[in-house]
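Okay, got some structures for you below.
In the two complexes below, chain A is the common chain; its partner is chain B in one and chain C in the other.
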Partner chain A sequence: MLLRHTTAAVAERSALTVNPAKTCQPIGAMYAALGLNGCLPHSHGSQGCCAYHRSTLTRHYKEPVMAGTSSFTEGASVFGGQANLVQAINNMFTIYEPEVIAVHTTCLSETIGDDLPQIISKARDDGKIPARKFVIHANTPSYVGTHVTGYANMAKAMVDYFAEKNGVRSRAVNIVPGFVEPSDMAEIRRIAGEMGITPILFPDTSNVLNGPLTGKFAMYPEGGVTVSELTRSGSSKATVALGRLAAGPAARAMDVKCKVPCHILDLPVGLKKTDEFVDVLRQLAGVQVPDSLEVERGQLLDVISDMHQYLHGVKVGIVGDPDQLIALTDFLVSVDMIPVHIVTGTPGKKFEKRIREIVKDVPHRVNVSAGGDMFLFHQWVKNEPVDLMIGNTYLKYIARDEDIPLLRYGFPILDRVGHSYFPTVGYRGGIRLLEKILDALLDRKDRDSPESGFELVM
Partner chain B sequence: MSQIEVLKDRKSQIHLKGSEPFEMTCDRHSLSGSVSQRACVFCGSRVVLYPIADALHLVHGPIGCAAYTWDIRGALSSGPELHRMSFSTDLQETDVIYGGEKRLYAALTQLIDQYQPKAAFIYATCIVGIIGDDVAAVCSRVSREKGIPVLPVHSEGFKGTKKDGYRAACDAMFKLVGREDTADVSPFSINILGEFNIGGEAWIIRKYYEKMGVQVVSVMTGDGRVGEIGRSHGAALNVVQCSGAMTSLAEMMQKEYGIPFIRVSYFGLEDTAKALYDVARRFPDNPEILTRTMDLVKNEIRAIEPDLKEYRKDLEGKRAAIYVGGAFKAFSLIRALKTLGMEVVLAGSQTGTDEDYRILEQMCDEGTVILDDANPVELSKYVIEKDADLFIGGVKERPIAYKLGVGFCDHNHERKIPLAGFIGMYNFAKEVHSTVTSPVWKFAHRRRRV
Partner chain C sequence: MSDYIEGIMDTECEVIDPVEVKEEMIVRYPTKVARKRAKQIVLNRIGEEGEVPPIQANVRTIPGIITQRGCCYAGCKGVVLGPTRDIVNITHGPIGCGFYSWLTRRNQTDADASPDGHNFMPYCFSTDMQEGEIIFGGEKKLKQAIQEAYDIFKPKAIAVFSTCPVGLIGDDVHSTAREMKKKLGINVFGFSCEGYKGVSQSAGHHIANNGIFTHVVGTDDTVGAGEYRMNLLGEYNIGGDAFEIERIFEKCGMTLVSTFSGNSSIDGFANSHTADLNLIMCHRSINYVAEMMEKKFGIPWLKINFIGAEATAKSLRKIAAYYGDQKLMDRVEAVIEEEMLPVKAAQREVRPRTAGKRAMLFVGGSRAHHYQELFSEMGMETVSAGYEFGHRDDYEGRKVLPSIKIDADSRNIEELEIHPDPERYRPRKRPEEIEKLKAAGLGVADYEGMMPEMKEGVMIIDDISQYETDKLIEIYKPDIFCAGIKEKYAVQKHGIPLKQLHSYDYGGPYAGFAGAVNFYKEIDRMVNSKIWGYIRAPWKEHPELSGSYAFES
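Up next, the complex of A and B:
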């Protein structure tokens, strides 16, 4: 038992996190920055943070992840990191030749109080930033918020630095996806395409973190939103944010800065939430929902109806990020499953309220924690076992110890592939999620049911 | 890709054997803006102390530092698993403003009450160094109150490189040494230092020594226990593996307790055999130890030789690139690859010293590229130029190798199979063989051209 030290009795903990269900802001900012074409993320702090963030992203995507670091020394942490950052900017533009450097802070540089806008303008004044090249920044102290906040902050920085309105409203629609997989971003683009919309999608990590084997090492893979697209985004006719926490701030900033009206939606996971997304796109494009999407929707519905008796009453425990959990809980409830334990590591009062709203008709007590950890989740599971768990790789300890099937979903997934290639958003993503849920449940049933209950046809 | 420039200031950290007189700058801080593969002080301390399974490991800092080091090594324990949990004080904004000492005290006492660990290590991360928490004071207070050693690890990330983290870990561990009774320690006894029991390696090595008739007092830190470390000063000899990590502890023990130490490597046939013989020769009063050692080496090698020969047939003449944490590991790898008939075309490390690189350059053939603290662009440039068939490195290098269509072998903490000892050499050969001869590379563009 790897987690033999987990006790069933839940005790109050105020100063201690055990087995976190979250990580720190900069990794989210680094991920978002990789969704900008030709961008080199830069970690303004000591080397360690950057190494950890790159390693973790690499383990999740199984792709090279490039980022620079200011390599703080003791000197820098006493006198401030200005000299380091200016030198770093100079070195990176000279050698690695990015289009954009996206700087995020770390706990260290935040605590010292480095003023990034001032340092960046000094770098510009000193001629360290070549013409038509850019340095942008986001503040990402990890003692506030989590990796989700960091993603949101860097997505917003793209608006703050680049979006411009040129007085004419274009027909383009901006779409800001939340902290989702490259495959999800591509799927969101495809769905918009089906509706006749060519979106400005940012950040967009498809073709960056799910690239092909080419025999070459590309410092800057092909994908990502371009600076010119971002510049034009200020003249788009609307912005759609998918995921209130991760994508909302960028959309609102666009509204404030360029008066582009925003629609802030939940992630399009499952039938209802995808309907909401498609409906907004339909209104924006002024078109009917095309047959192609209607068919996909019908197929999802078909799968649910075919298998609904296997979904009915299944108790589920989920751990993940708020945007994902809200949409997923909604989906699970809509297919007659019972989410009984719901934990996110990201604190926030609204989260619990929204979940309570979604599960209000569920005929079961539901445990919800925002700002909880895996230890608490495990304790809940010990007290009330579930039939299925959904969450990131770290749940595998609990899955093994308690012998419960696990569906890997969220960040990070360190031990399986597929998430970068196959989406879980949209109607098709809903089918894939169901497929995975049913595989986990029915494999278990095939293994465990007595011969009398062993079925060939299910 | 052929015309990749190298950072001007980095030139002195790259050496091409045969092209110029040997002179390398190393042991220096990474250049700001380098996409370095290096980690921090905290990382060094964490990997060294982590395998001590009955101690509490509490990371004092914001959540990230703890989250990224949660169960990152395959360091196995035969008993308690407390080390596999991730404990963090998860500092919040108010703590950063008003200090985190109260929080640390609360977390620490709660954890000790709950788990009754034998000792506690408190890791200070960057931010703790800046906000000025007196971690040592909190530790000694809790230690008094709870009656166990509570040891601060001064591992603020910015205070150097991973190597400084090793030292900080050794400093903390040294405080555990000498706390226990050594009455039953044999005069023919050793401590194994710098062996972390990845994939059960410490168990393999320990068994060799036991077969030889040498008592292993403690393994530091693989499958480690606080009590064993406490009586490690009773051992007659410290056997230190991998120069980087635990030499400073051996030095301290030599100074304080007069225990001599030798450096060894358990990687590859030659090195493992040499290690065991070196230890045996330290006990001339008991000649049976040497006799048993000779038998052991003979039997172990005989058992795997036929398989190695088979692998060698396919691997002969293939080219390898090595980029690892410590240079000492690189030496062993070069020898082991030679056993397999392979040629080393690139050798580098994150934290080698001047002396290390001198040895490296002597071991390598003409034309071999030697690198200190390399970045991915340099690595990929030389892998392509030298047309390597195999890359040996850590987590960040793996996908780069694969993108280039080159086989990969993990020689860092991500791996799960034991590569130490004679059986480890067999495992290594098997893994190298499977990746180098994988049919997938036939489909990779670069190789298809050749």
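Up next, the complex of A and C:
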């Protein structure tokens, strides 16, 4: 057994986290910053933070992830990191020539209280920031929130630093995707495009973290929202945030700063949540939903109806981030699956309330934990086994020990490919999710059914 | 071009002048940066006495330069203590550090090798510090976390690893550990391995060595059975390397008391002082333990290397020569003869395809040296190499130790004062025996470093930056580049394969005889892959338009 010390008896814990279902803010900020065209993310802390974040993002995307670090030593930790950051800014602009440097803090620089705006303005005064180049920042203390919060904070920093109201409302719509895959960001853009809308999508990591092999390494890939798009975003007619936790703060900041009204929705995962997204876009842009999207919707519904017998009553355990879990739970419930155990490591009171609302008609007791960990989840699974688990790669240890099929979904996925190329949002993403769920369930059925009951057609 | 430099031919048969390459590498840098990097980029030259030019190493990384390096915590918790299966390792800090070091280094272990079957390696334990603890202190939560870990898991030992904020807010992990040790009656010890200490992972290795030596080594005097009892130091069982080495030792009739720390148990550390010889694999990460054990217990150490079949054979002969026992020497020769048969066959198989290919290695604190052995066994040439966190002695050999300046960053890492243990000190060899072994070229307590074994004119680059990596690739177009996960895909976008030598790209083992064969096959696959030939689409080869009129058909 891999997790041989995990027993079914759930012991009370108040101080020890075991097998976390979350990680820290800065990695989310680094990921969001990569969704800004020509941007070099920078980690203001010890160099290990940067190394860890780059490694984890690289393992998940199998793509280059470039970022700088302030390389704090003991001296910098005592006297403050200003000299390190000013020097880093100078070095990065000189050597790597980014358009923007997006600095995020760490628990180290936050604990000593480095004042980022002051340091950035010092760098500007010292002439270390070339003309028409930018340094932006987000405060991302690792001891508050999680990687999702870090993503939200960096997305918000894009608004804080760049969005401008020029007095004339454009017809553009801003879309802020939550902490989702590059493929999901591209799909969100495509859906808007089908409706005749060219959105300002930020952050946008498509064509950054799912780039082609060309024989040439581009430090700054083609993708990402541009500074000029972000500047214009303050004049857009509306902002749609997809994912309350990860995308909400940027959209609200846009509303406050530039009076662009915001619509904060759940991630468009599954039929109903995609319907909500499409319907809001339709109303905002004043357009008809095109036939092409109606067809996609119908196809998703068709798959659900064709395979409903294999989905109905299937018990599922899921671990992930709040925005994903809310939308996914809604999808599972909508196809009559039963989410039995739901765990996120990201704390939040609203989360449990929203999940309870979604599962209120589910004919089964549902365990929910916000701020839980995978050790607790595993104990729940031991007490009440499930037919399927959905979550990141770390769940594979539980999947093997308990012999339960696993669908990899969320962050990080360290041992499979596909997530960065094939979306799980929108109607098509819903079909892909169902395909994956059914593959997992039916492969298991094929493996386990007795020879006399082995089916050719399913 | 300096006359001593052997020109390295690139694919177009132009001679690359490393002096010019170095110039080109640093010309873009701001003046101060260029001046510093110039001391860390050295063209190898071997003098008559085997002396090599000095290289600046183990110094601060330049902020913003994009380094490969990690931090002190990573070196302590991740590298040295990570591979030990039966210690509950609690990261005291916000969640990230514990999360990122959770199972990512691929240390394998045989959990059923200990009678109690304890294995906590698939678990991540953290105090997950929140803002309240940063403000009011985290000792209370740490104490509670240790209690909970004990109550739920009943381990033999609990270790606590400090992250950056812990040092800043002044939590005393050592006194907390002492208190809990007394309360729980098991070994509990702490490490002040805050990420900002030192200049790289290397500081963490040193801190880990000190901690293990202080709290564990020598706490169990049971002398186990077996002849030729040794410890293997600086072997971390990535991809099963330790399993292969253990297999070879067993076949040779040698007894492994403890490995620091691949496939290890804390019980092994506790009685490691009963061994008669320490073998050092990774000199950088563990030489401190070897030196301290020599002083306190009288155990001599040998630098060996089990990466490369020839290197493995040479190391086994060194061990046999150390014991000076004909029976052992004969057995070692028999093992080498038998094991080398499939190795030679594999070499004959791959060499027609690999000979003459060029490799670059920028990794770790000893791997960039060790893996050159494997490449040369395949007829491949190492055209440039460097360490991520090595010190000057890893480059130039231990003879430079007296001349290394101790800077402020190194001074912050505690150097333990060690005296012979009044009861346990027992010199395994008399001084004259040691001298005799040294005279026979056994290299007792010595490491000659990487540079003396490399060709003249090759570029040695310490703590290479992303910019320098790109330049090297553009100019030299090597056949393979060896580094880590952060470098992998940037290099491969250039159309050049990158072999990860931290994680082995999830393959291995590469140590010992069987490992060498695995490595030959893997590198053959990589340097002769047809994948890179697909980069240009056919329409790029023949861009002219062609068409036909309807009446032609």
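Just so it is clear, the second predicted complex is superposed on the first by the 458 of 458 C-alpha atoms of A that agree within 3 Å, B and C clash if a C-alpha of one lies under 4 Å from a C-alpha of the other, contacts with A are read in each partner's own complex, and residues count from 1 in each chain.
The rule is short, and it goes like this: contacts are C-beta pairs under 8 Å (C-beta built on N, C-alpha and C of every residue); 3 or more make two chains touch, one makes a residue touch a chain.
The model shown is predicted, which means the values in this text are computed figures rather than measured ones.
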| item | value |
| --- | --- |
| Simultaneous placement of chain C and chain B on chain A, clash or fit | clash |
| Touching partner for A:Y52 - first (chain B), second (chain C), both, neither | both |
| Contacts of A:T69 with chain B and chain C, given as first, second, both or neither | both |
| Partner chain(s) touched by A:L3 [first = chain B, second = chain C, both, neither] | both |
| Partner chain(s) touched by A:V18 [first = chain B, second = chain C, both, neither] | both |
| Partner chain in contact with A:Y96 - chain B first, chain C second, else both or neither | both |
| Set intersection of chain A contacts, chain C complex versus chain B complex | 2-5, 11, 13-20, 22-27, 42, 45-49, 51-56, 58-59, 62-74, 76-77, 84-85, 87-92, 94-96, 106-108, 111-112, 141-144, 146, 211, 213-218, 345, 375, 394, 397 |
| Chain C contact footprint on chain A (complex, rising order) | 2-5, 11, 13-20, 22-27, 42, 45-49, 51-56, 58-59, 62-77, 84-85, 87-92, 94-96, 106-108, 111-112, 141-144, 146, 211, 213-218, 345, 375, 394, 397 |
| Of chain B, residues touching chain A in the complex | 1, 5-7, 29-43, 61-70, 81-82, 84-93, 95-96, 102-104, 106-107, 110-111, 114-115, 125-127, 129-131, 157-159, 161, 376-377, 380, 384, 395-396, 398-400, 402-405, 444-448 |
| Contact footprint of chain B on chain A as seen in their complex | 1-5, 7, 11, 13-20, 22-27, 40, 42, 45-56, 58-59, 62-74, 76-77, 84-85, 87-92, 94-96, 106-108, 111-112, 141-144, 146, 211, 213-219, 345, 375, 394, 397 |
| Complex interface listing, chain C residues touching chain A | 28-30, 33, 60-74, 90, 93-104, 111, 117-120, 122-131, 133-134, 141-145, 147-149, 151-153, 163-165, 167-169, 194-201, 408-409, 412, 465-467, 470, 484-486, 488-495, 532, 535-536 |
